[in-house]
Amino acid sequence: MSKIPLNKADNYSDDIIKERQKFVEEQTGVDLNHLINFSFNPKVLQGNIENFIGVAQVPIGLAGPIRVLGEYAQGDFYIPMATTEGTLVASYNRGMKLLSESGGVTCTVMDDAMQRAPLFVFENARYSRNFGKWIDNNFGAIKAKAEETTNSGKLLDIEQYIVGKLHWLRFNFTTGDAAGQNMVTKATHRACHWMLEQNIEGLEHFSMAANMDTDKKHSHLNTLQTRGKRVVAEATIPKHLLEKIMHTTGNALFKQRQLSNMGAILSNSSNNGAHSANGLTAMFIATGQDVANIAESSAAVTYSELKENGDYYMSITIPSLIIATYGGGTALPTQRECLEILGCFGADKVYKLAEIMAAVVLAGELSLASAIVANEWVSSHEALGRNR
Amino acid sequence: MSKIPLNKADNYSDDIIKERQKFVEEQTGVDLNHLINFSFNPKVLQGNIENFIGVAQVPIGLAGPIRVLGEYAQGDFYIPMATTEGTLVASYNRGMKLLSESGGVTCTVMDDAMQRAPLFVFENARYSRNFGKWIDNNFGAIKAKAEETTNSGKLLDIEQYIVGKLHWLRFNFTTGDAAGQNMVTKATHRACHWMLEQNIEGLEHFSMAANMDTDKKHSHLNTLQTRGKRVVAEATIPKHLLEKIMHTTGNALFKQRQLSNMGAILSNSSNNGAHSANGLTAMFIATGQDVANIAESSAAVTYSELKENGDYYMSITIPSLIIATYGGGTALPTQRECLEILGCFGADKVYKLAEIMAAVVLAGELSLASAIVANEWVSSHEALGRNR
Amino acid sequence: MSKIPLNKADNYSDDIIKERQKFVEEQTGVDLNHLINFSFNPKVLQGNIENFIGVAQVPIGLAGPIRVLGEYAQGDFYIPMATTEGTLVASYNRGMKLLSESGGVTCTVMDDAMQRAPLFVFENARYSRNFGKWIDNNFGAIKAKAEETTNSGKLLDIEQYIVGKLHWLRFNFTTGDAAGQNMVTKATHRACHWMLEQNIEGLEHFSMAANMDTDKKHSHLNTLQTRGKRVVAEATIPKHLLEKIMHTTGNALFKQRQLSNMGAILSNSSNNGAHSANGLTAMFIATGQDVANIAESSAAVTYSELKENGDYYMSITIPSLIIATYGGGTALPTQRECLEILGCFGADKVYKLAEIMAAVVLAGELSLASAIVANEWVSSHEALGRNR
Amino acid sequence: MSKIPLNKADNYSDDIIKERQKFVEEQTGVDLNHLINFSFNPKVLQGNIENFIGVAQVPIGLAGPIRVLGEYAQGDFYIPMATTEGTLVASYNRGMKLLSESGGVTCTVMDDAMQRAPLFVFENARYSRNFGKWIDNNFGAIKAKAEETTNSGKLLDIEQYIVGKLHWLRFNFTTGDAAGQNMVTKATHRACHWMLEQNIEGLEHFSMAANMDTDKKHSHLNTLQTRGKRVVAEATIPKHLLEKIMHTTGNALFKQRQLSNMGAILSNSSNNGAHSANGLTAMFIATGQDVANIAESSAAVTYSELKENGDYYMSITIPSLIIATYGGGTALPTQRECLEILGCFGADKVYKLAEIMAAVVLAGELSLASAIVANEWVSSHEALGRNR
């Protein structure tokens, strides 16, 4: 087995990159003609990737405009979506048209918190319970310690979850425009470091993480308690637009929503809606988000109402939207351009981005739900032979 | 609001693409310098994207080699990972080294099924129950109808889930080297079309989908019943390698596993492991998979044992790995090159790809778990003042 | 510490019972005046209780009649309910009146299966996968072995659930009029015994149970796959009766159902209905069921529709109703009398009992939902000062 | 259909009870010989039951003593268990012996809260978010209003859960020695009444309940956040006692625990332990608890450790133990006697009862787990022919 070429002094130089590309070609017999094409100086990648050899070129389609009535995002937006799934852009586009003609999507960031959840194991449950009171009594000192490590992160509160002698603390931070996983790890680590110096009675074991923040994994806890941004998109679609643009009715959509709710309950799904992951993933890739967070950010709760006049109110709540407009991949060349297209690059833009993403998700939900409902009609209509 | 330029005759010509790029620049005031750089003829994108304007350049790092002891993947593999998260490639790389030195990862595809789950609503539950028997009695005819639409898809069986008068059928298909969502939709649609012609007694309503296949969403049902490939990676790591490479012990890893299991139970997580989404997402982007499926494919179940001699057995089961080596984005230029690096482009390669992905995931699990455990030690050691 | 008096020769004689009663009085200083009153020969308790000292006298109230339109239960039934919760009987009674005046409750037993789920642990996942095929190929022999132990139990099928090298088999049996947990344990044990003699390749460990039948515990698996009887009760309530008897409307009930569905999704509840456990527990105690099964039998899925004329369709599906009309406590004196009141004592009566119980549950759901809705109205009305 | 005889003036007189008994006999043709035997004046049943006709005589067996090392329960206790399931008392008894010889069970009440969770629906999510802040700012006034209705209940805090425009408040109260569901309903109702008078902006609809307290239903939310008492029982069992009394080892029990954890994760069970519902139900019936709460109180989380010397640490956490020593059925004749046997009748005894119940549950867990493990050994031993 040959080792991948590495230059410890500068692993982002053209030479070492070329050497690795050649190495891949020799080891695997593959000619690299496309991977190796990129339009930027690879030095910008420091902190984003190791053993760089080239880029995945993921096609971007443009959808929109979509009218967003947010507190941060206000106006019409064109949406860059990076995907290889045919019809995705077209389908979202249709939903955006519907929503824009309906007057736009009201978007609201309801909550904002990034977590790290260290675990303290005690000799027995009684020590664990006492520790809970100690935390409440020492919150000020813990907060001060945690916040020493960051300018933008603020410790909001510490949730406590207990199983016998196992005692998880869930530190909730704001993280400014960053997604903030590293920020909160550092801050929580500092706070725990201090706590461990305080001779906590009966402490037997400590672990920085044991699945109560559920980083990169869906959990029902995160749906209940927010991870990243909890953001809502909602709109009321006039009856006539449902008919004109979607060839369906509020009545049909509402019935389908009832059935989908039952399916979600029975399958125990992380999302009673349709396919929010599609729109979010396309925007995550385009805008340099940590795409693995789709594991968490794909959770959603949909709620709708059929109005007496036949209009259809629909909302979607995304409880764990983990995004950034600063840090991570957001400043890389194509990623930054996509954020700029949205007017969301840089400081104080993350809530704006959250609102736009939620609006896009709602567009996709309406579009797919309408397609399913219309298809039902067609298929059953044909099947039952009524149009022959 | 201006409409995005569209050429119905040929929406992938250089002219219309340039027109859209110019449109974006005018509408948003952003100069596009990087997005517009791609190395291929955009005509290849037909069926993959609409309103194409350019590409996201997602950096790819190379990890490996990792030794895979699969039934399809046998040997050492270099892994292209597309990500913008610093340390991800390095961390997986460390796990791959550990696993390779341990003799490699045994990988097994346990099951293979892609679903579509139409819903039949009856006048009452008794009709619904009778329908269940009718399905069992007519499975042959239904299978024949479904398979008319596809050469590679085979209908394996039809699961039935019932709530009162709501009756979901879950059609399970093999789908060859494609991920197969479209294939199974078409096949199921054809079968349902035929069924709807059979005068099913008491049928009131039909819907092609209502959240019992949970496309693009995690569900506990999919963890129980497989969606895409159910694949297992497992390895036993000798004690001395854990110490040499990971600076930890099987004992410490096993204890951490117990605590993580409790956390996963308490948070009700879709995954009791660490971060399989990281490795999978990086490989999904690199190899042209439908990345939104990370919502489903991020589920996993980890099981480990501490051997009497201090060796550490670890396994991970991915119940819903939705991947392809044919169709979707797999034949796009950089995506195809990455599949070729893995020896996984084209026909009869999807199980090989599944095995490699599972092996990579296991590498990442061992690497992160070891880092957490080592960090614990360091932090608590320092905190408790023992090394001063 | 003193040992409880025990007579190994005959632990149900009057003497030893009196000795134990006296022992309790001496050890605890409590005068036993009521516990010691029972109306039967304690010898009947053999196989039902150890160290008998007396009885809990649980008051029984009578509700009904309720009109049941089952396949087994047809007609009007009076329902004995054993509870100490005030208003429970009255509340259910109100729902029974509503349902009876509406024409009755259609009840249907959809499925019937009791499980035991032994676990086979293999050296690795590949052996585990092969074992799955072996099971399919040897189902006939396994079934023959299992059924040697019982006349009434029939092995329906064997579900398989796999995590890596762990392989659960879920044996599904019919159990006649018994609840059948012991029957299926014996039958499964016999089958496993035979299987363990067949030199299954790679087998490392065997366990008769490891939480995949989830006896005495709710699990989502049981909601999906049935444990005991899966039974549905459904009815359509005319608008005018909702107004006359419940002082509410289908509209208000349907809206409340939407909200309750969202709550159930957000709380991740085992039951999106109201309080089926109340009615079931009262009937379980009265009729000699194993009341601990309420842990499982309290799961339910409710689905409703608002009809265009304002009528309200409501259904409830109980996926894990674990009951018996034979065995367990069903033949004890008061328990038998209660079964006889329902016409459900003895052979071939268990489906009838399931239908009646489901009907009672539906009565309770309608009654409580109406009370909540009416209360809303009152409270908000008063609160908002409109009636002053 | 005949109406059940009712005397509005006094529905608990001997005459009306006899009339109802006769009515049952006439309507159903059943001779009531046992149901009608009770040892108390039925007037005591007012507030506990309607349409009283007699009692279920549920046999009580005595188990123990069990040594409890609680903060409230200290010493050896004899446990009255009302059940009709043979071997239940004997099995728990064996576990009690093991625990007592091991020095006793450490029990700790970790938390105490009973809920009511009204739902406020707003015109849109923004109003919902603002309402959240209003609640925080007006907590003092809300608490004062709520506490007007009760002497023993104190409002601890108000959790908030949000889906779009739906906003649940989860009022957490202490409830003294009562289970407290009625107390908290009244208190919450009063508080909401006051809130509804405050002209909350954008409020559209109010409902006293919509499945976020999950009364009489298991929910994952309740496992996370406590309902009733959160109580822990824990003990370390010396190796030699496991061998002497249980014929097994800590090693075998620990391995079985690993497997059971995996089963619980895969089945998505409300309880990763064995059968806590058995012991709790038997004590609930005996001591006059609301037995329907077993739906909630059967949830549990088990955690264990294998000590280096072969001792076995085991703990169980019951997150939703809903019990009372005052109110409900606790003062009825046999029920009171059972509470007195435990030294738990009346004021300030509910934590003591919680501790004893948790200890009993732990006894049952150890006993059943040991039986399964021993059975494995026997069955596989025989099967594999080693002892022939």
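Of note:
Per-chain numbering from 1; labels A, B, C and D assigned in written order.
Here is the rule we go by: a contact is a pair of C-beta atoms (placed from the backbone, for glycine too) under 8 Å apart; a residue touches a chain by one contact, two chains touch by 3 or more.
The model shown is predicted, which means the values in this text are computed figures rather than measured ones.
In a homomeric contact, the two copies may use the same or different surfaces; for chain A and chain D, over half of the interface residue numbers are shared, pointing to the same surface.
Between chain A and chain B the CA-based rotation angle works out to 180°, given as a multiple of 5.
Centroid to centroid, with C-alpha atoms defining each point, chain C and chain D lie 17 Å apart. Centre to centre, using the average C-alpha position, chain A and chain C are separated by 41 Å. Residue positions 161, 163, 166, 220-221, 224, 261-262, 264, 266, 268, 272, 301, 303 of chain B each touch two or more of the other chains.
Listing the residues of chain A that touch chain C in their complex gives 220, 223-224, 258, 261-262, 264-266, 268, 272, 301, 303, 305. Residues of chain C that touch chain B in their complex: 71, 106, 108, 110-111, 124-126, 128-129, 161-166, 220-221, 224, 230, 232, 234, 268, 301, 303, 315-317.
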